[in-house]
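Pasting a structure below so you can have a look.
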Amino acid sequence: MAILRGMIVDCAVYEHGKRRAGDLTLDQAGAACRSNEGFVWLGLVEPSAEELESIAREFHLHELAVEDAVKAQQRPKVELFGETLLVVVKTVTHPDPAHGIEVGELLVFVNADFIITVRHGDGELSSVRERVESQPERLAHGTGVVLYAILDHVVDGYGDVAQTIDGEIQAVEREVFSAERTNPAEQIYKLEREVLDLYRAVAPLLEAVDEIVEGRFDAIPKELHEYFRDVHDHLRRVTGRVNGFRELLSSALQANLTQVSVRQNEDMRKISAWVAIAAVPTMVAGIYGMNFDHMPELHWRYGYFTVLALIALVCFALYRRFKRVGWL
Amino acid sequence: MAILRGMIVDCAVYEHGKRRAGDLTLDQAGAACRSNEGFVWLGLVEPSAEELESIAREFHLHELAVEDAVKAQQRPKVELFGETLLVVVKTVTHPDPAHGIEVGELLVFVNADFIITVRHGDGELSSVRERVESQPERLAHGTGVVLYAILDHVVDGYGDVAQTIDGEIQAVEREVFSAERTNPAEQIYKLEREVLDLYRAVAPLLEAVDEIVEGRFDAIPKELHEYFRDVHDHLRRVTGRVNGFRELLSSALQANLTQVSVRQNEDMRKISAWVAIAAVPTMVAGIYGMNFDHMPELHWRYGYFTVLALIALVCFALYRRFKRVGWL
Amino acid sequence: MAILRGMIVDCAVYEHGKRRAGDLTLDQAGAACRSNEGFVWLGLVEPSAEELESIAREFHLHELAVEDAVKAQQRPKVELFGETLLVVVKTVTHPDPAHGIEVGELLVFVNADFIITVRHGDGELSSVRERVESQPERLAHGTGVVLYAILDHVVDGYGDVAQTIDGEIQAVEREVFSAERTNPAEQIYKLEREVLDLYRAVAPLLEAVDEIVEGRFDAIPKELHEYFRDVHDHLRRVTGRVNGFRELLSSALQANLTQVSVRQNEDMRKISAWVAIAAVPTMVAGIYGMNFDHMPELHWRYGYFTVLALIALVCFALYRRFKRVGWL
Amino acid sequence: MAILRGMIVDCAVYEHGKRRAGDLTLDQAGAACRSNEGFVWLGLVEPSAEELESIAREFHLHELAVEDAVKAQQRPKVELFGETLLVVVKTVTHPDPAHGIEVGELLVFVNADFIITVRHGDGELSSVRERVESQPERLAHGTGVVLYAILDHVVDGYGDVAQTIDGEIQAVEREVFSAERTNPAEQIYKLEREVLDLYRAVAPLLEAVDEIVEGRFDAIPKELHEYFRDVHDHLRRVTGRVNGFRELLSSALQANLTQVSVRQNEDMRKISAWVAIAAVPTMVAGIYGMNFDHMPELHWRYGYFTVLALIALVCFALYRRFKRVGWL
Amino acid sequence: MAILRGMIVDCAVYEHGKRRAGDLTLDQAGAACRSNEGFVWLGLVEPSAEELESIAREFHLHELAVEDAVKAQQRPKVELFGETLLVVVKTVTHPDPAHGIEVGELLVFVNADFIITVRHGDGELSSVRERVESQPERLAHGTGVVLYAILDHVVDGYGDVAQTIDGEIQAVEREVFSAERTNPAEQIYKLEREVLDLYRAVAPLLEAVDEIVEGRFDAIPKELHEYFRDVHDHLRRVTGRVNGFRELLSSALQANLTQVSVRQNEDMRKISAWVAIAAVPTMVAGIYGMNFDHMPELHWRYGYFTVLALIALVCFALYRRFKRVGWL
């Protein structure tokens, strides 16, 4: 059993909403489950296949459910295996703007006697455990309260990430419409990828939690449905925002194309206008550089200065005109 | 109780459709509720968490519902907590074209005995109170009438904002297709954002009001369903318009790209055409600027003037031609 | 009652499918309704609020339904108020290609005893009245037949407008792909707006007529359902076409961007190619315009003509080449 | 009755799966129907209104159904009029790639006693008749078998057209991504129109056949449902392909814009690069064409040749560089 | 019967989860089926029509089902013909990045007595047979287990292909946003085609497996539903990813247009800026190349060098400025 210690984060029995003192071995936890006194909350982190096997034997988890827990590449879902509910959720964090969002996975096996949480990647639950332990009167309702607290925590995380992404989108919008010569196409595209990842975490969970709210699972007592409805509501809010993000980013990509091409065309127009102005003296000078025997202007006393003045005048007139029509 | 005064906008008891004279303290209001004589309408504005706590205690509001009311970041929804209905709506105003729409939130706790409105941001209800108080025979039907009046008022506000946005879209369309050298990409994008905000206020409410119309909540007496159906109808009209806006703006963004690139290309073409015309005299002058010993034209009496005339002729011909094909 | 005369277009009692001779005053019409002999068909055009009030009193119309009829900004719908059905439809005409489609509104109050039509904007019904009066055996089925005839007429109008728009779309397509230097972006966008207006008239009606076909309203006798199913079918056909229009116009806008940018780039390429050709003589002439003491070519007898010939040759070769690769 | 002969393609009585010898007049066909011996299959092609009238009288067809059959502008549908089923399908052929697909219409009136097919446009049914007549044991099941054979034939036609369009799309894709200087925007757009036409023929029929499969019509015996399910399946396959076509064509239009603009920009870049190279000799030659008294280079013995060599060197260096960065 | 040998891959009887030793002829297999001892698993590969005929006779397969098996152009589906279930799935492999995905077809006829697999194209099942034969306790549940194992295998294949495509999409994204002068429009488009093919294999199967999970087919015993739910879950995950791919690729195409046009415009701007710089010496040199009698600068001692220095200075200043604004 020694090998199991590393992946067990915390393991405790809760009776009448209170944590029984002392740490438990896995056998003791299994025994406590079967004794029908309170329930066990076992927290695991990235267990190996064999570790999960031995836990599955102890708590009679379904073979397919365990397979899901090892691979950690599941869609968010709620599924019933016999008496035990398997809830799979994605945890989403956004630790560093440069790297985008990070998606972890959390699997929760829950029935009246135990709740086992299996965590892959980010998504610490110790704060959740502290919070539920601080409300013994609530915790007395059983494992469903713990499941609610976990979902509430995860969905709050979605909200935070959505908030962060909202900020990033606004930053990118400012860049798109700024006078600066920037092309944030890559940022917009990366945001689209992030939003898609978030969507794929949130949207299937919405459906899954809906099934809980509708009371399909006896494992969740009826008096808790209002709490899960609250989670469902937050999920819908996040989904609504995420859908809005997708629409905005798609428009931003198109608007960026317009802005970038406008700015680049302005540069080209400016350069071309200057070249056009420079073509005038070249042309005039070329004419008076011709070698005809009879070119009366060449012999005028102030011919040269007159021509210089003429050139300057025409160039200035062109400059004024180009300025007025907005080409310079 | 003194601290509560600031956030209470108005508080009154209504019996048989008539307002009982005099202001109420919170205790009196609570007592009036329990006495089953008429109903209380309590109007709050941005209450603090503690203020809401004490109101929740007085009127037995559900913990989760109160949490929603403090945060004021809910989706529009209708939810039943025990006997009490919680209706959350977004109020939308468009005070200033430069700043886009502003979204507030209004939470309504309503059952047979009381109606409590909690307002965040804009969305004054005093005009609603005046209107319902002026129709005592209607008001005698109870709190449902007040809820209807509030929803009707809020949804009328949506209609007004949709009207304003419609005007702005038409203005931006004119700009897109005007001969002016403008690029309203940013305005179009901002309108898309506004329309999305409006959509997110309107669409979930549609669903929520639908549940009222279908008679899922006993708190709304059957004789009022026709009134809520009317609200529902207005909401659908607004939703229809908003969906139209989204489609139009998406097309406008694309059309704008076309127009902007057409106009910029026209400028470039014009400049290039002038440069091409100027290349002709430069070329001819270059040839007669060569220093060959034997260039018979150079010694002709009118060689210079002939060449000048030739250049002018060619340039004029080019100008005519470019004008005809639309390049100038 | 005199004030009412202006807005009443026609008012008659129909017994056993036949029109009773003579015009009716409003009181007579009301009395006829109550007598259960046949039914009354009252046609109004843009009545004022007070006029509608008095009619509502005479025929016991619901307050909310009357409100709808005054404002004339309803979504198409079918609603039951007590015994009376309110049918709201949009009438669509396309009088002038330059101004796009015009949308009017038609409200029909119908029960076993009367049918009241309130018209706003275009949408003359006299032809409908003539047609139903010419088929007394059908008209004997009661007010439902009149409602069918009206809907059939309105939906035929949709079909005509869809036909016109189809023609306009084909015209704009030809323009997009023509060799002409046109940019029909604005026409495409205007067509999108028209199609959207048509869609918003047609789509909600589809839903509403579906409810009639499914037999939700007792006011429409069962033997007429096949007729309304026929109307429903025509509506679906129009909706299908309108959806096709939206897709086509969206593609046309994109294709137009391609065509316009292709044509403009072709112009630029042509101008640039000519400028490139002109650069050759300028360059060569420049070289022989240098003032070095020792430039043997300058002293050759036919140096000048050789160079001229060379320049002509190179330019012609370039011209041939540019022609071949499609740049000229 | 003579006038009817032209539009009757074939008319026969089938008893126990076998065709009774000899041609029938319309009266004989009507009589055969009423005799309950086998069934009549009457095939018409583009009958006039009066011709259809007399047939409707003979076979008691519903007035609205007959109206549909005359106009031939129906949506695909299955509708029950009394005992008789009216099935409307679009026949689609693609005779000539230059002209796109052609849509005809086929109306089938079918009940236990007769099956009347009314054809508008293409869509010969003689091959279907041959096939069913060659399987008497199947044909003995009655008119439903004929209806199945017709639908099977029509839906096979959809599959063929989808196949042809698939080939055309692949051809256009090759053109989009070829190195050739082509702009297949118009072909893509025309394919979009064709696909839309095909979609409008196929999609509503899917729904209609679904109703048959679900057994809503007693006219189709239960033992044939599997056959209609097979038709339904083929329809879904075609619909799936058609939806794929729409998506592909929309992407192809966008990709084409990219390719066309890339190719055109490459041309411009190439021309500009050559102009830039030609600017160097012009510039250098200009400098040595100046008329200053003191320009030592001019008097060097090999000044001219040195400068020529220099110019050639610089131009060659530029050429190499432009080649390397991909501008030439 | 000899002709059948080629297309039979493997044929065995399974009793109590164990394979009965020895190969079977087709007659023996048919006899084994009828004896109700265990079940037969017959594996075919691309059988001809006659071969299938004889198998259909032996196992009483439905005519339409057999027709499907010959053509091998079916949509994925699950259909019941009498007692026998026909499951059609597409096998997808991605053997070579240059050629995209390859789609094969697998038809499974399954009832309590036999399971017949008909394979077209890729999709070897020998590994599946090995796996199920290694778990006799599971295999004892009957043919449903084999069907599950096949579906599990096929859906795992989808997951692998989705993984490969994901990698390809990321590669193309890197190319889009790289500094290199590449235009991966064609790759993006080809990926869109692949994703569409994958979608058309996956999406209809999702629906079909859903019907199994919901327990519509008695052929699949209830204790296996959890296993099929697992397959369903994997399918949904793949579908989710595929939908994400479609959205990403559509954005990538748009982003690529932006990037390509930005890079090409940068090239043009650079070339034009150099041409503009070169225009300055040309212009100045032209002026001092004029042949006026009185041009004092020409006679200055250091006039030439001063002008050269001036030209160099101006060109350098321009170069600095263009560098600063990002044009070079």
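Remarks
Read from first to last, the chains carry the letters A, B, C, D and E; within each, the first residue is number 1.
We take it that contacts are C-beta pairs under 8 Å (C-beta built on N, C-alpha and C of every residue); 3 or more make two chains touch, one makes a residue touch a chain.
Keep in mind that this is a model prediction, so the values were computed, not measured.
If subunit C is disregarded, contacts among the remaining chains keep them together as one piece.
Interface subunit B/subunit C: under half of the residue numbers present appear on both copies, so the contact uses mostly different residues.
One finds 42 Å separating the Cα centroids of subunit A and subunit C. We define each chain's centre as the mean of its Cα atoms; on that basis subunit B and subunit C are separated by 26 Å. Of all residues in subunit A, those touching 2 or more other chains are 254, 257, 261, 265, 268, 272, 275, 279, 282, 286, 289-291, 295, listed in ascending order.
Residues 62, 64, 73-75, 77, 79, 81, 181, 183, 185-186, 188-189, 192-193, 196, 200, 204, 246, 249-250, 253-254, 256-257, 260-261, 264-265, 267-268, 271-272, 274-275, 278-279, 281-282, 285-286, 288-291, 295, 297-304, 307-308, 311 of subunit E are the ones that touch subunit D when the two sit in their complex. Listing the residues of subunit B that touch subunit C in their complex gives 173, 176-177, 226-227, 229-230, 233, 236-237, 240-241, 244, 247-248, 251-252, 254-255, 257-259, 261-262, 265-266, 268-269, 272-273, 275-276, 279-280, 282-283, 286-287, 289-295, 326-327.
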